[in-house]
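Paired with chain B in one complex and with chain C in the other, chain A is shared by the two complexes that follow.
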Partner chain A sequence: MSLTKVSLIDIVKKQYVYKLKAYSQVFISLIFIQLLAVFFSLNGVGGGGISSGSIQINVSYFSADFVVAFTMLWGFITAIVITTKTYRIDDFIFVTNRASSNLSNMVFLLIASVIGGITAMLSTNLIKVIVYYFKSDFALKSTTVMDMPMEFLIGIFSTILYVFLFCALGYLVGTLVQISKVFAVLLPAAFLGGLIFDGLSGKTGVIAKVLGFYFTESSLALFIVKIIMTAGLLFIGAFALSNRREVRT
Partner chain B sequence: MMGMIPLLIIVIIVIGILVFSTRTRNKMVHKKGKFSYSQRVYWLLSGYVVILLICLILNAVQPVKIMDGLKKVNTADLERESLNLYDAAVEGSINQEGSKFLRKKWNFNYQGQQLNLAVIQDENIDAMVVVEKKNNNDGKIEAEFYQTRSSYNGMDITELANLPGMELAGDQLTLLNPKRSEIKFSQFGNTFNIKQFTGEPSLFSEHHSEFSGGQRIIYLRIPKDLELNYPENLNLQFVE
Partner chain C sequence: MSVIECQGLTKAYGGVKALNNFSCNIEENKITGLIGRNGAGKTTLLKIIAGFMKETSGDLKVFSESPFNNLTVSANVVFIHDQMDLPTALNLKELLEVAASFYQNWDRELANRLFDYFSLSPLQHYEGLSKGMKSTFNMILGLAARVPLTLFDEPTSGMDAAVRQDFYRALLKDYLAHPRTIIISSHHLNEIEDLLEDILLMKDGKELLHMPIADLKEWAIGLQGKTAIVDEWTQNKELIFTKNIGPDQSYVVVRNNFSETEWQSARIAGIDLTPVSSSDLCVYLTSKTKGGIDDVFNKG
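And then the complex of A and B:
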């Protein structure tokens, strides 16, 4: 029995600070993934050309879509990785229980999403600089942060939310896999199977509808509510499931 | 479905990299140097953010040069210009009305009775040829090239087009197409998660572009009695 009482918040705070250090290598993969996405983006996401007489005009379209998508994927995988055993055992360095361990993971994922979201949006500028200076003769219709500060902020904010949503999903998936390795096969199979089934049937299937629920939401307020509710539910699911695990497995 | 395959490959590569980079963690984390591993990671991350911020500033300051490089034009004006120049050419008043569209001039001394107008085999001349017979026989052929402004998406690209050439050899005057000029434009769009809220159409569906080629006229003034032979496929007209 111990005489000192520690509050949950104190432990979470300590574990979180520790995790920022111990899990820091996820940011190396973030930089790497984003640079890879920037590289893919340099080909342009589309293009067209007009030729008349002796003039040939080529237009290439660019955007940072790849970077945002890759960052979401990064969030998903990072969340899975931190539920694995090697990472989970780290928590036993401190006085811990499932709640503090899960909460500090969630806070860590939130911070990681913020860093991922900001760098993903900023990477548009890296693509622009490379294209302007090395690839094209003229640039068409382009806005800078100065022209459209609101759009830039919406971009950062929505990217953070998307990455966080995928972190939450990854965390639940990771927790399920820790409970039973069967899920490591079952979940990807269900997802791919769903995609193929949707593709074959030619109708908008469940996966397309679920994605559409977030990706076609045009009201920012509703979008925020949807993401926070979903991420919240996913985390609660993961917390509940992890409580069913044996002590220190 | 087939279009998904390259995407899937990319995703698999990305996942591979992520998993691999986290596997190396345990080896790296205990390395001791002047800075701990995590400190070095945050230095690297800060460096990355600084580079991105520099790019942001470069974009905010620099693209003015790139975007204002081309003048804006009104397409309706261009249409009018183009028609007016055509009318002026066939009426023989191009040297007064079209003077501002004159791009190039040639002068040849020619004493022969016949002139063969030729183009390089299998080529179409990307201009209309208008011939005016002079009132006298001064032994001179004057050639002029006129071009009204051309635009792409409301931008003046006239200056970017190369000019045609002309060569006189013996009794043959050869018209040469200009060297092909290629112009590369780049267009940036917002990412999908911004468009979602601003209601912009997706880059994939939005390929609205507008091109106006401008009127190109090669105007020849030849001596009164010179007989002119030219290939049938040449778009040639005499001044009325």
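And then the complex of A and C:
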């Protein structure tokens, strides 16, 4: 029987299609997590009130910030989940090597980020509808997509990039934990420890600076460069770490 | 042409060597039985051949390439084992579709016919199957993938006798129609020996024997008779197994290098010469002591 030759790109494509089906549970968890976030958003993210005489004005702000934050968390967790053994060995049933497995995971996470980012941004509409029907004493003042289409698109785009950044981070964290369970304790301890240390010292610490670096960038171009470079480095780290990993069932 | 060539292959888990200086050559288009006790290193060997694990030292070539992290080897090898864990989100029919997309020579018709024959339901999920049904489904994957090197590690575990027979027959028929290299590891040598061309016997991570199965049947001989006479006859022979049966009677298995005349005179001396079945011989060869489990109870 003659040998068949396959190309890496071809296998990555097939694995990606396979993963979209095989990992469909992650999209169900996306729906639940976004609905939960929508529910939390219904109290408004901020507001205030003034009253003078018999007139009282209450202002509440509603936004999809919660949904976006939850989606980032979802991206992070999803990326960790797909590095676990159960998912990793799914690849090895069929044709694969570690490079194709990692690359198809990356493509999968990218598509998951796109879906997560778009649905997160569109959830504003759901919030508006719910507020309109169930909190009827409100006068709703809202912008529509058509008022500022560019802002809306940039919003979607940057949400996607943020979710993807968290996916990349989760992928590296998951890979580290798969290499040694020590990291499952070490990484959260370092993160929380850093937060507490920053809090005690009262200065802007490392974690705050890192968050500031990514979340306060005002230039869109620079923001894109930052995110893509970081995500790229995180993925390269994960690829390098997992390239010699054995599969033990 | 050799499909698998390995020289001095060693694989250590911690301090324990699962494979210890293992060497073998597997020829193209042969069905080889990989036989050995539990823990002899069969699964480790197959996993290294399939590229799941990397050897600690030594040299291994599959299709003249190193199998670890190798896409070509992966595309041409299918490794079916009893701990396969297929994705839970897909039903059986979808799993077959996925397999079809990965393997270029996938035989859709064979897969479907086997699927129907073993009355698997398309909408069932893999984790809901019984152990025997899982093995049956794995077997369909292994056969229909139709790759140049097919590895079956304990393919029949959990299958009932009827399904096992069906599997052996299916394997043989598909092999005759599309010859390819197949390695089967199994505990049921007596069931698969008619299927095999070669046998590769492993013990403690090393190869013990690698020969055509037909030769194995002639390889050793059993002598039964009065202990004194049997001992005399087996003095300068390579003892493989000894057992006392009743007072003053013993059964000894030795390498069969008797000449025709020796054979005759042994008969006259009152020794029963019997062929040793392949599966018994493999048990004797791979046991740690010459007397088997009896030694544990014979405190002298």
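Definition applied: the second predicted complex is superposed on the first by the 237 of 249 C-alpha atoms of A that agree within 3 Å, B and C clash if a C-alpha of one lies under 4 Å from a C-alpha of the other, contacts with A are read in each partner's own complex, and residues count from 1 in each chain.
As a convention for this text, a contact is a pair of C-beta atoms (placed from the backbone, for glycine too) under 8 Å apart; a residue touches a chain by one contact, two chains touch by 3 or more.
Computed from a predicted structure; not experimentally measured.
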Query raised in the report: Of the partners chain B and chain C, which touch A:Ile77 in the superposed model: first, second, both, neither?
Result: first
Requested in this report: State whether A:Phe215 touches chain B only (first), chain C only (second), both chains, or neither.
Outcome: first
Query raised in the report: Touch check for A:Tyr61: first (chain B), second (chain C), both, or neither?
Result: first
Query raised in the report: Which partner does A:Val107 contact after superposing on A: first (chain B), second (chain C), both, neither?
Result: neither
Query raised in the report: Is A:Ile207 touching the first partner chain B, the second partner chain C, both, or neither of them?
Result: neither
Requested in this report: Considering only the touch criterion stated at the top, classify A:Val6 as touching first (chain B), second (chain C), both, or neither.
Outcome: second
Query raised in the report: In the superposed arrangement, which partner chain does A:Leu36 touch: chain B (first), chain C (second), both, or neither?
Result: first
Report task. Could you say whether A:Lys21 touches chain B, chain C, both of them, or neither, answering first, second, both or neither? Result -> both
Query raised in the report: Is it chain B or chain C that touches the larger share of residues in chain A?
Result: B
Report summary line: chain A contact set shared between chain B and chain C covers 21-22, 24-25, 86
**Report entry** Contacting residues of chain B [partner chain A, same complex]
**Finding:** 1, 10-11, 14-15, 17-19, 21-22, 24-26, 28-29, 36-38, 41-42, 44-45, 48-49, 51-53, 55-56, 58-60, 62-63, 66-67, 69-70, 126-127, 150, 152-153, 155, 157, 160-162, 164, 177-194, 196-199, 203-204, 207, 209, 211, 213, 216
Query raised in the report: Which of the residues in chain A end up touching chain C in this complex?
Result: 1-6, 8, 11, 14, 17-18, 21-25, 86, 89-90, 92-100, 243-244, 246-249
Report task. Please name which positions on chain A make contact with chain B in the complex. Result -> 20-22, 24-33, 36, 40, 44-46, 48, 50, 52-65, 67-68, 70, 73-74, 77-78, 81, 86, 115, 118-119, 121-129, 131-132, 135-146, 151, 154-155, 158-159, 162, 196, 199, 215-220, 223
Query raised in the report: Where on chain C does chain A make contact in their complex?
Result: 29, 47, 51-54, 63, 69-72, 74-76, 81, 83-87, 89-90, 94, 98-99, 101-105, 141, 146-148, 178-180
